[in-house]
Amino acid sequence: MNKNISRIESVIKDTLKINPERADETQKFIDMENSEKISLLRKMIRIRRFEEKVTNYKLDGKILGPVHTCVGQEAVNVGVCSALSDHDYIVGNHRSHGYMIAKGAKINLLMAEIFGKSTGTNGGKGGSMHVSDISIGSLGASGIVGSGLPVACGAAFASQYKNDGKITCVFFGDGASNEGTFHECMNLASIWKLPIIFLLENNGVAVTTLLKGVSASLDLYHRAQSYGISSKQIDGQNVEEVYYTVKSAIASIKEGKGAVLIEAKTCRFHEHQEGHAYLRMSDVGYRDKQEVNYWIANKDPIKLFSNKLIAEDIIATSEIEHIYAEENHNIENAIAYADISSFPSNEDAYSNVFIK
Amino acid sequence: MNKNISRIESVIKDTLKINPERADETQKFIDMENSEKISLLRKMIRIRRFEEKVTNYKLDGKILGPVHTCVGQEAVNVGVCSALSDHDYIVGNHRSHGYMIAKGAKINLLMAEIFGKSTGTNGGKGGSMHVSDISIGSLGASGIVGSGLPVACGAAFASQYKNDGKITCVFFGDGASNEGTFHECMNLASIWKLPIIFLLENNGVAVTTLLKGVSASLDLYHRAQSYGISSKQIDGQNVEEVYYTVKSAIASIKEGKGAVLIEAKTCRFHEHQEGHAYLRMSDVGYRDKQEVNYWIANKDPIKLFSNKLIAEDIIATSEIEHIYAEENHNIENAIAYADISSFPSNEDAYSNVFIK
Amino acid sequence: MKMTYGTAIREALLKELEDDKSVVLFGEDIQHNLYGYTDNLVNIFGKKRVINTPLSEAAIVGTAVGAAMCGLTTIVDLTVANFLYVAMDQIANMAAKTNYMYNGQFKLPLTIMVSTLYNSSSAAQHSDRPHPIFMNTPGLKIVVPSCPQDAYSLLRSAIVDENPVIYFSDRSLFYTKEDVDVNCNIKIGQASVLTEGSDITVVTISGCSKIAMDLLPELINENISAEIIDVRSLVPLDINTIKKSVRKTGRVVIADTAHKSCSAASEISSILAEDLFYDLKAPIGIVAYDDVPVPFAKNLELQIMPTKEKIYQKVVNIMQFNK
Amino acid sequence: MKMTYGTAIREALLKELEDDKSVVLFGEDIQHNLYGYTDNLVNIFGKKRVINTPLSEAAIVGTAVGAAMCGLTTIVDLTVANFLYVAMDQIANMAAKTNYMYNGQFKLPLTIMVSTLYNSSSAAQHSDRPHPIFMNTPGLKIVVPSCPQDAYSLLRSAIVDENPVIYFSDRSLFYTKEDVDVNCNIKIGQASVLTEGSDITVVTISGCSKIAMDLLPELINENISAEIIDVRSLVPLDINTIKKSVRKTGRVVIADTAHKSCSAASEISSILAEDLFYDLKAPIGIVAYDDVPVPFAKNLELQIMPTKEKIYQKVVNIMQFNK
């Protein structure tokens, strides 16, 4: 390992420096079945394959409009949504394909939406940034940074009011944590003891703006402290750690201890959006390419987890290959489905402005 | 002292529980001249008298529109603005008469503005909520809660950019500290190391909403911590403590240590606004009247400071009476001035929408 | 029952809170409202349903949006219309677009209440009448009641509506009093013909309705038979009632409390200028608030706001034209 | 010099940053702007003048307001027009009202830049054209350049103007290219007659200007002599140039990228319907964006947005009327 790499390693270690409060969550829930673990892996692979296809179709011009993928961040999506139960709510942001898939969205409908087809989750009206499916507990995705947090507080409020036992989890990035809504919602969640998880995906960057230029600290979990909200910083590349942390957050919320903020340190492997214009951004030097490459080589959540499961004899390499084959097949089907689906009929432009 | 009062005392002690970081600021600047101390007292008296007149004229219907006075909070106004130099900037909120006077505003012009006269600081266009006078470093007052903080960051940014050595101080309440702008501005001030003092007047209430219902903690200074901004909680009824704390904040800013948040614990002796409708609010029971009465009796900043100066032989009772007489006279003059001034001419309605 | 406009608001809130346990009411100082329109509600329905909020308008509106998406019926009182701007993103990017961008997957029974405070020496930051801003933001219904009956019935309709509704009350009308029929249901989207006439149609918005009715005697004196129409709701706009009247009278003056540029008045005028051009016998007159921020001094505001005098002059002026 | 619309923006920024050291430029990702309109500026002027900001729109706009009050000339790039809503309070309650409520004590040389992204499959939250909202908020100047020359000259005028200006660029025009005279000064408030004609006036706003010019050959084919006017600025609005033309032609179609209700088009129509009623030979035609949030699917958006076909149809239609 050359000198440059070791410098990067230390930077990354620093980035991943985890807060002292972080217990070894993996100890608390030693009861995950092997089949569940394999399911986590499968979901990560499904998301990765989905996003890779989306990336290509965007480059080919087959997908229109802004598209943000979560390649590199799959462990967060999967760890969180697998820990939630089906009826729990999630609120997404501009980068929401992964959560939707992890929460159980039908990828055919999701892909159709991204293609702008009538069969899509939103009938073609939402597109990539607004994928939404109430049947899996998704309350939609808002492309305005920071705007999902208030809506999530509302969902949590409703659950508390109705005492329906649901948890709401809202996903947002390090960039979003500088919006005023972050502060207002942390305070609200605190005083009302809302059953909500604030899931901060800290990939250290917002488009081309590095966190270090816009925050006094590279750690953000401690922003919860002044509201009396408990918070944890975790390794977002470790799907088990994410899963167990969320499980323990849910338990804590159900004990009546109120909202939790989880900061998952992660890395965006792709550029901010897909497409040719954004591809070019990788060369403008806003972030350290070698650092990103290091993450890709050494901190890929799928590789890490595959290796772990193989090492623990939970799965064989051939079985993983089989999963890949199956998921490839599923994604191909989704593409085919999206492709043959029709665009919405023109008069649909006028429906659902208001609900009758 | 009966039992009830002693319960209140303990509540108030609790309210005034000061944070551990709070050094004994009074030790650091033992060099305040007696004349300066007397000047602090005089300014507090001037403000009190001004506000009392305004209160009466509002009740009489002579003053129109919303009027918020700072009776009980004079030590904050005076301590802060006396520590600032003439060219430093202040940004006010809905309750801004006191800062203006403490910063050196001509009370004739201020009163005329509150009367809506052409001779007012804003030519009658602003009124009580928007008093503004650039000649004394006032950048105006915004009646939208929390909206002054960004503007103050801009003033501080300009000073930093021009390297003009000015400090900006923005005043806001405990209520305002729950607005998103608080968070955004703390973060901005932190990363840009802006020369700004965030002066949080914590009177524990926003109109009729008690802080304890809308914040997990009755202390707010620690909200600065996660931004790496240093903060202090002080007794807002002690004008010297306010003065010295601001002096030390200024020194710290000038040393390049960046923004400071000062939380001054204080009490609003009057209702949220003046006028008959608000007077009635004192009976709806949103706050503990006995507690307020206790503050009025025992924590009046003017009484406290008068007694201290007398005890220290810095001033005689007769001299204080003389100050009262002089200030009464000044305020009467201001009223007379405002009264005889003419309303703006009708065509003025159309001027200064845009600057030519 | 005789009620003031303010009381009518309270009675409507009370009734809907009573009728449906899923109704919740959020607001700053809502438990101790200065103007009386939430009097005692907290004692009747408790702090879980009549909820004092922190000063966090964006979070509160968003909370009401999210809760409405999850089955509650939410009401947010933002008090002064200018405070809408603080929550603008949640209103314009979220509430207004939720139905459409999620293609009807959610219901959004949300009512945002605000008051407009012009002509009360409240100065620039507390006196706006920004209903046109929200008319230009599709996805929001907008009501502008101008009398106690409408204040009552339209608030009830707004609350039960499964779409986001902004309810603009006009503070200048707060103490007007009249008989209110609590069983009278007024659907959002129905204008009201306040008085029939044959010479000229006067379309009024919000507080202008009362001003126009007040000058009826003077108009009669001048032998002008005016048909005064209160739009009552701006989205949906009952343009048919307006058109029907203008077809009859051939003349129209529109009076709006909003700033002139891109006002509701301008919008109505533009529809008539396209669709009823040949029915018009005279120019379309508009009386609105001049494009000037609101000054503090009363005499200044009287210069720029729509007044009885200005509406009278405009009506007389439009009557003088002959095609 | 041949420039695209996007490059023209960059050149104007460059020139003003060069000319005056008190000019500073704030924006998210402004140092590495994807669309190239800030290319290299950070290298030329440094990070103290070309400032990457956190995602804190309200604080940033307010910072630009405060800094402008204290002697700097500030530019904020909020990128997408919908993000204006996040900073709405600072724009509508502060920037717009500062001159007036403080009675001219401060100068406010502030420019807020945003792009409108309709017809780009950007869906509801990234496609608004909310210029009418700000026309209804007195105290703000508003420019809507539709060609590289205007993009260049109006941006320079906006920056040096001592009042707050919102600069709406139209992303659909970003790659149009033409000769730009860098010495050409265009004052805010001057419409431009793009082509003279005698049969009908076509008033265009923002991207509609290019669409209208594109259909000129077809109109000529139909023997329609159209006078196309680009408003270029909405506040102040050069109504005299429009009136002059309509007096001549007697017919007018107004095309706006905004949602129809309370659009700039409606406003212009309402002025003409009052002031030029007797000059009009036909109804006033409007083509605008239907009152529907922006859908993602392209075919849906094409249904509701102003298109060449729709403007053509409207012009032909208005030509057919005979008074």
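Odds and ends about this structure:
When the chains are written out, they are named A, B, C and D in that same order, and each has its own residue count from 1.
One rule holds for everything that comes next: a contact is a pair of C-beta atoms (placed from the backbone, for glycine too) under 8 Å apart; a residue touches a chain by one contact, two chains touch by 3 or more.
The structure presented is a predicted model; accordingly, all values stated were derived computationally and were not measured.
Centroid distances built from C-alpha atoms place A farthest away from subunit B.
Looking at contacts between chains, the pair that accounts for the most C-beta pairs is C-D. Between the CA-based centres of subunit C and subunit D the separation comes to 29 Å, rounded to the whole angstrom. Taking each chain's centre as the mean of its C-alpha atoms, subunit B lies 42 Å from subunit D. Between the Cα centres of subunit B and subunit C there is a gap of 37 Å. The set of subunit D residues that touch two or more partner chains comprises 53-54, 56, 58-59, 82, 85-86, 89, 93, 100-101, 123-125, 138-139, 291-293, 295-296.
Chain contacts: subunit A has residues 122, 125-126, 130, 142, 144, 147, 178-181, 184, 187, 191, 213-215, 353 touching two or more partner chains.
Interface residues of subunit A, counted against subunit C in their complex, comprise 89, 91, 122-123, 125-126, 130, 132-134, 139-140, 142, 144, 147, 149-159, 161-162, 168, 180-181, 184-185, 187-188, 191, 351-355.
Subunit A contributes residues 178-184, 187, 190-191, 213-217, 222-223, 225-229 to its touches with subunit B in the complex. Subunit A meets subunit D in the complex at residues 64-66, 116-117, 122, 124-127, 129-130, 142-147, 175-176, 178-180, 206-209, 213-215, 277-278, 281, 284, 286, 343-344, 346-350, 353. The touching residues of subunit C, counted against subunit A in their complex, run 24, 48, 53-54, 56, 58-72, 74, 89-90, 93-94, 98-108, 138-139, 141, 162-163. Against subunit B, the residues of subunit C that register as touching in their complex are 28-29, 31-32, 34, 52-59, 82-83, 85-86, 120-126, 290-293, 295-301, 303-304.
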